[in-house]
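Think of it as A, B and C in the order they're written, each chain with its own count starting at 1.
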Amino acid sequence: MLKKRYSLMLIVVLMLVTILSGCQPAADGGDGDGNGDDVKEFVYAVVDDPATFDLDTTSWHQTQAIVSFDSLVEIDTEGNVSPKLAESWEISDDGLEWTFNLRQGIMFHCNEEEFTAHAVKHKFDHMKNPDKPSVNAHMISAIDDVVVVDDYTVKFMFNSVDGAIWNTLGGSFFAIDCPSCREEHGEDYGMNPCGTGPWILDDYVPGSHVTYVANTEYWGGADYWDNNGPPKFDKLTFRIIPDEATRILELQQGTVDYAAVPPQETKRLQDETDINVILSPSNGLRYWGFNMKKWPWTNKNVRIAMQYAIDKEAITESALEGLAKPLWSALPPSIPGYSEELEAEFKAKYPYDPAKTKEVLENDGWALNADGVYEKDGKPLAVSMWVLNEGIQIRTAEIIESNLKDVGVDLDIQVMEQATLTSGSPKGLHESLLWTYGWYDPQILFFLFNNGGTRMHYIDETVQRLAEEGHQKVSMEERLPIYEELQRYLADNPSWVVLYFPQDIHGFSPRVENVRMNPFGGGFVLNDIELK
Amino acid sequence: MSTNIEAGSQQQLKPKSFASTAWREFKKNKGAIVGLSLVIFFVFVAIFAPLLAPHDPENMNQEFRLQGPSRHFVFGTDEHGRDILSRIIYGSRISISVGFVAVFIAGIGGITLGLVAGYWNKADSFIMRIIDVLMSFPFLLLAIGIVSILGPSLVNTMIAVGLGSIPGYARVTRSAVLKVREEEFIEATRALGFSDRRIIMRHILPNITAPIIVMCTLSLGSSILGAAALSFLGLGAKPPEPEWGFMLFSARSYINSAWWYSLFPGLAIMLMVLGFNMLGDGLRDALDPRLQNIK
Amino acid sequence: MSYTYIIRRILATIPVLLGVSLLVFLMLHAIPGDPVRLIVGEFAPQETVDAITRQLGLDRPLHVQFFNFLSNAVRGDLGRSLITNRDITQEIVNRFPLTFKIAVLAVLLQIIIGLGLGIMAALNHRKILDNVAMIGALLGVSMPSFWLALLLMLVFGVGLKWLPISGYFGFKSLILPAVTLGLLTGARIARMTRSSVLEVLNQDFVRTARAKGLKERIVIYKHVLKNALIPIVTLVGMSFGSLLGGAIITETVFALPGIAQLAINGINRRDFPMVQGVVLVIAVSFTLCNLLVDVVYSVLDPRIRYE
């Protein structure tokens, strides 16, 4: 009996030994106070793991997955195209042949291959590989072929004019991989990326962090960057912290140098801490979208009535703490195509006016029933709305529900997970949804409504035609009038209620200097950052 | 030690005096009285919510949002300016109903399974296999799965929590039945030719009632916690309903600026669960014949 | 405790594991939504969706998918994540040590708190110590775990700054999560210990031992504890087994890359093979723990027979 007690104690001791022996700090970058003695480390808090470093196999291109790559060009802070891997370009008169002159003397991280036109063609071929096309192949559907003219000259052959292709060529969707490394690693390339970018992947511990070390041989990056050389600090660590409150706490404590700040923490961080809070206009808007295939949205009067029903200011003041602005246009100020005049026009057309909502409904034949809900042909005006299970969305939804109750509409809020939302709405399972879009170019309207789109199923000839024509011109000047017409048409024939456009709120620790925001590139220019 | 050898007649006498002994024991137990009072208090609050709540729980006042406790809003306001005290009061209805329905579902399923498993040996290992399967499944994962399949609503939360609790009920019932079989010489009565139905109804059920009542009361607490956990993760809640766990989900966004928002709903959950737990303890102490002998 | 018994028990777990795999498979495919849209993004055309669906093998009939999973799992191959294409077995292995360490720490705490409080309460039955201990334990089992986690984080991480708020920085990071888990289950164990000890204390053979004049201490340690421990061993074993499956809420709030996060992320992203693999591993750990518990059970009480 005693023996058995001792054997129990032995087990306990063994367990203790296991723990203590196994408890070394996590590898690399786990120290958290950001300052090894002379190693300058920038700690960037992110919400989740990178999906993969093979950018062709996913549409999720988070910052933590893409910093080891470069693109041919980049959109600068004014919205203009800035040379990057491509020094210059010529576009044929008919807009169907784009010739790029590439920068010379750039090596991939593996140091075994030089960046040349072959790498560009390889990327294109890989994306369009008929056996296993890239998930993002539709972004370059306008490009038929890429021809290598010589080592540093490459020609893109288009099947139709696409003036919006700059956003694809200027971002991660056409990031250039090292061809030989791709061939070598095959399926495992997703864990062994090789690009030309300013950062080289050093360590990735799933669920914990992604660490990059500076590419000391970096060729310089986009023209518009202030710092056209290697990064000014040595290590870039992305810490994966799923919980929002935890991220902010770490930012305050200085164990993290950058985190996106939710609106409700902004004032407090600005007033009570030394965190440098920077606001920049977000590149999208939030909307309440109707599934046009379902009742009651087939009735245009109902849709028009809803335009007067929502108190957008209450939403931006409350759910967004005043850090967003109500919006009426189909494009937000941060996307070309937006105009103050158009916005003023739409705002005057659809002010917040619950009485008007009731008037439009009643003129359409609706009458209030015993429950205070409008009814027509025996059917009460009761609709459901899919909402993502996230704080801001839910708060917005609650305000909308309250607004609608005031005008005799019964709204049923259905809080859903992202996966259910994203796969269910293309199938049209919803009645309406609270959603967002984000992009840098008015082509977003094409993505949104092409063939009805995956969110609102809005099939309309005019919308389709205008949305397509919008990017079938090379220069932005030629495209803008088309988008103006489209916005007007959407205001008169809405499939949604545009709600607001938010601001991105960035929190930097005080030791971070030279912060330069770029609303067109998603965030700030990482290469310009310096650490005190 | 129970020495009740004779089935039948003495069984009739026992329940009556048993119940009054139990009640006497219960009254002596201070904790049990506190628990009972807490439960009665919350039930009272739930029933008379419209009379007790100082404000309309869904009434938004954007000018008063995120204010701390004051005379006007005793527990402060939330991000929409709604009175937290009123929302907690109305929320008690939701918590109690979720608890009871979940326990009901778990009870029906679990007790039946446990009874069958305990009484018929042939079914025993098959049923226990199924129970093992359910128990090897992490409860929250199972609940998340069920809510994801059925869709977000309070009813589905009740179902999810209820289904997830079935294994516990089945096990307790089964061991209680097994114990009764041992002590009450059930085998003998079976051999004598008594029908299964009679044995179950008159011999087994009365004797397993006690542990089952205790289990139900205690599991009310854990069901409420389970449902709150689901809402805290953002599932199963139905805004703008004032469900306590969901209030904590919303409160998380304001943890640094509105401590009252995180404190009071959490306290409410704890107190209600505490009440059921103390009540359950009291019932267990009172109903367990062996403990009655302890000085 | 025969070897044949152990072998038979292990064999008996196979249908359970099969059942768990089947249950999670059916559940996953019953949940609306699939990973394809998440992978390809909102604006990809239907052709891309179809192509990726084919590529991932999601268009094959359900029973074929399930059978493939099983036949691979038996050989130790849990497949690759649909989202990241990384080997699932490797992912689980990577995260297991962290979850294991927290589980061990938490269980140790549970035992210390649980047994300590419980025995003390039982020996001081109906006196002040008993009441205080049991009120504490009652509060423990009534408290929502996420609430406790937030409170601990605020006090020790933000206020006193003794411990890291989140992330995995070695041993320090395990303390708050382990305390959260240990306190709450420790409270439950304390209650159970107290009633179990009380029950045994009251049994005839204890009175006999006392009557024989044996020293109180021997009575307690040799006879009472050994018998009282039986239900507690079960509880601790089951707790350990379920902690090996990770603790969802603690891992989320403290940002710890454990197994539960793998499962939750997997469900959120509809990463079917990932969830299948993780749940299978969890079930295996849990079943093994149960077996261990039964072994310890029989060591403690030779009266128990196994048919």
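Going forward, contacts are C-beta pairs under 8 Å (C-beta built on N, C-alpha and C of every residue); 3 or more make two chains touch, one makes a residue touch a chain.
Given the structure is predicted, the values throughout are model-derived calculations rather than measurements.
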item: Of B-C and A-C, pair with higher C-beta contact tally; value: A-C
item: From subunit B, the most remote chain by mean C-alpha position; value: A
item: Distance from the mean Cα position of subunit B to that of subunit A, given in whole angstrom; value: 44
item: Rounded Å distance between subunit A and subunit C, as computed from the means of their C-alpha atoms; value: 37
item: Intercentroid distance (Cα basis), subunit C paired with subunit B, Å; value: 22
item: Overlap residues in subunit A, where contacts from two or more other chains coincide; value: 245, 249, 417, 420
item: Residues within subunit C bordering two or more other chains; value: 31-32, 150, 252
item: Residue list for subunit B, restricted to those that touch at least two other chains; value: 148, 252, 255
item: Of subunit B, residues touching subunit A in the complex; value: 58, 60, 62, 65, 79-81, 148, 151-152, 234-235, 237-240, 250, 252-257
item: Complex interface listing, subunit C residues touching subunit B; value: 15-17, 19-20, 23-24, 27-28, 30-32, 125, 134, 138-139, 141-147, 150, 154, 191, 195, 198-199, 201-202, 204, 242, 245-246, 248-249, 252, 260, 263-264, 267, 279, 282-283, 286-287
item: Of subunit B, residues touching subunit C in the complex; value: 1, 31, 129-130, 132-142, 144-146, 148-149, 221, 225, 228-229, 232-233, 245, 248, 252, 255, 262, 266, 269-271, 273-274, 277-278, 281, 284, 290-291, 293-294
item: Residues of subunit A that touch subunit C when the two form their complex; value: 1, 4, 8, 12, 15-16, 18-20, 22-26, 30-32, 48-49, 51-52, 54, 57-60, 132-133, 135-138, 187, 190-191, 205-209, 239-243, 245-246, 249-250, 253, 255, 417-424, 426, 429, 447-448, 450, 454-455
item: Sites on subunit C touched by subunit A in the complex; value: 31-45, 48-49, 51-52, 55, 83-86, 91, 94-95, 97, 101, 104-105, 108, 150, 153, 157-158, 161, 164-171, 174, 222, 226, 252-258, 261-262, 265, 268-270, 296, 299-300
